[in-house]
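Chain lettering (A, B and C) follows the sequence in which the chains are written, and residue indices restart at 1 in each chain.
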Amino acid sequence: MTSPSLKLIVEAALIAAGGPLTLDQILALFSEEERPKRDRVMDVIRELEVDYVDRGIEIAEVAGGFRVQVRSQVAPWVARLWDEKAPRYSRALLEILSLIAYRQPITRGEIEEIRGVAVSTNIIKTLTEREWVRVVGHRDVPGRPALYATTRKFLDYFGLRSLNDLPPLSEIRDPEALFDRELPLEPPETSARSITELES
Amino acid sequence: MTSPSLKLIVEAALIAAGGPLTLDQILALFSEEERPKRDRVMDVIRELEVDYVDRGIEIAEVAGGFRVQVRSQVAPWVARLWDEKAPRYSRALLEILSLIAYRQPITRGEIEEIRGVAVSTNIIKTLTEREWVRVVGHRDVPGRPALYATTRKFLDYFGLRSLNDLPPLSEIRDPEALFDRELPLEPPETSARSITELES
Amino acid sequence: MALESTPMGLQQEMPFAVVQGAPFMTLPQDLYIPPDALEVFLDAFEGPLDLLLYLIKRQNLDILDIPVAAITDQYMEYVELMQELRLELAAEYLVMAAMLAEIKSRMLLPRTESEDEEGTDPRAELIRRLLEYERFKQAAEDLDALPRLERDLFIVHAGVPPGFIQRQPPDVDLRELLVALRGVLARAQLFTSHRVEKESLSLRERMSQVMERLRGRGFVDFAALFDFAEGRAGVVVTFLATLELTKSSVLELVQSEPFSPIHVRLRESNDQESDDIAVA
């Protein structure tokens, strides 16, 4: 067989996607000449569903399309994979987070300019998934780069009422000053009125 | 059946992990009473390998353990799931990475000596941020230069089980052989591979 | 030793170079290269050793037996041309030029007895380095050819149904964050220090908040951006944030006629919002 079967491609795509795929997304994997009919793709998904009956995975139909997930009978064991604390964040991630905090709203390109190296998509993804950072808009220049800012969750996590509670840059530059003083690290029980509340 | 079979659990764990799992990591999914023998887990992985022969996925053994990946025949289609092109790496970066891989532990100065040009700090930084390379110590000479080595992540990324799986370095033709003799050099049969052939 | 070696005329048939995938041009004997092409050309080399290897291979010569005089002449022509064009030339190229010149001069001298005993060919060190570099040049190509993640290999990643995983993300101490920032600033010091310090963080924070409020909403009454309960300082910060955002082309202010209400909106179509978060 020269070109792999439709079923193999659909299976691999569903398992690799890491999230739900719509029929359209699956169809988009094929060039125009080789693109199968929608019904054929649907048939293949149904076939896979049957194949998976005695496997550790299953196909779930969710709003966003079809997703391969761990069969729930085995999920309790598999979930233990993530029991351990995730590894510590890399230096790069911390640098990028701190730049977003202090220079927001900021584009990826601006971060790269300051750091002198490319910003990894994974880091942005991690920060976004943790909901510490989000896209608040796009700069109206060619490419319309996303503008990143920190979130309320970020402030909460670090026990800050607002960004103003972060030490000023002048202090950060001076290593002595930074550690001689105690930073406001204790979580504010009164979490007071944060500025973000004003928003709503 | 009350508790799912070992095979289902191992399969689901490998497919969900998003990276390689060692036997130990798989064993750790089970409580002490239910924990299978190592050999049993190994058998199950071999069985899965066979099951996957006509599927869109396959099991690969890399430095970090066993991982499930998209079968290479279907990878070109699956790759279209991601808009972003895979990062390309410059020749300089690949040369430096090769030197670190084959000559580890190695200092920056030693890399520069072999390549005949300065090593860019950004390249070292990119390699470190990708966690392909790390500092494993310092050479005990003036300046105490850092010694670089490759990591397990590097091996995993390039689908290798160990450094031994790296493509062998081309044999060095011994220049001594040339200079010891007064005779005009006729290329010995064995090293008849001309330089231009190496190029292709 | 085979100094007479390969006739130089051979090279005329050879293609000049393949620069970044494209056959570039043919190189006549006089080494003419258009100036802007030379820059590209120089970029294509990873240093003097790489350039030398290229010169050697171009003529199908054996590294073990390079005619130093000829190669040196060619190398020098490149270097001189680059200098003439005032291209930025890494110092390493000049060091190599000096080394070649020295080898060349030693090759011209009659070899003395003592040298013979030691078995030292003046070229020995250069040849050793070329061979060594060539190996790793090859190794880099081999490494690049290995199937690798993101390009040829794709790890699968099935989800776990909700409710089973309680993954604890790593903790971060605020100090770690500040230390990281200090690291970046120390490296980027030159061009950020002045601008950053003047801007207060509350302004930056407010910029984010203003954008957040305008997101996906089309035109909004300018006055609605202000929360008068915050008092004078708060209003001023919001005002400054709006100006700053307008200046950096993030916001658009519109007033249809004098003294009519001012409206403001994000300069982007609403359908484009949040597509960056959706990186799966």
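What we mean here is this: contacts are C-beta pairs under 8 Å (C-beta built on N, C-alpha and C of every residue); 3 or more make two chains touch, one makes a residue touch a chain.
The model shown is predicted, which means the values in this text are computed figures rather than measured ones.
If the chains shown are joined wherever they touch, the resulting network links each chain directly to all the rest.
Sorting all chain pairs by how many C-beta pairs they have in contact places A-C at the top. Here the spacing of subunit A and subunit B, counted between their Cα centres, is 26 Å.
Centre-to-centre, using mean CA coordinates, subunit B is 24 Å away from subunit C. The residues of subunit B that reach two or more other chains are 12, 15-16, 18, 57, 68, 70, 75, 78, 81, listed in rising order.
Residue positions 154-160, 280 of subunit C are each in touch with at least two other chains.
Residue ranges on subunit A touching subunit C, taken from their complex, read 12, 15-19, 57, 60, 67-70, 72, 75-76, 78-79, 82-83, 85-89, 91, 94-95, 97-99, 101-105, 114-116, 121, 124-125, 128, 130, 134-141, 144, 146-147, 149-150, 157-159, 162-164, 166-170, 172-173, 175, 178-179, 183, 185, 195-196, 198-199.
Of all residues in subunit A, only 4, 7-13, 15-18, 21, 25, 28-30, 54-57, 68, 70-71, 73-75, 77-78, 80-81, 90-92, 116-118, 120-121 touch subunit B in the complex they form. Against subunit B, the residues of subunit C that register as touching in their complex are 1-2, 46-50, 53, 56-57, 60-65, 90, 92, 96, 119-121, 124, 127-129, 131-160, 280. Chain contact summary for the complex, subunit C toward subunit A: residues 154-161, 164-188, 192-193, 196-197, 200-202, 204-209, 211-215, 227, 229-230, 234, 245, 248-250, 266-268, 272-274, 276-277, 279-280.
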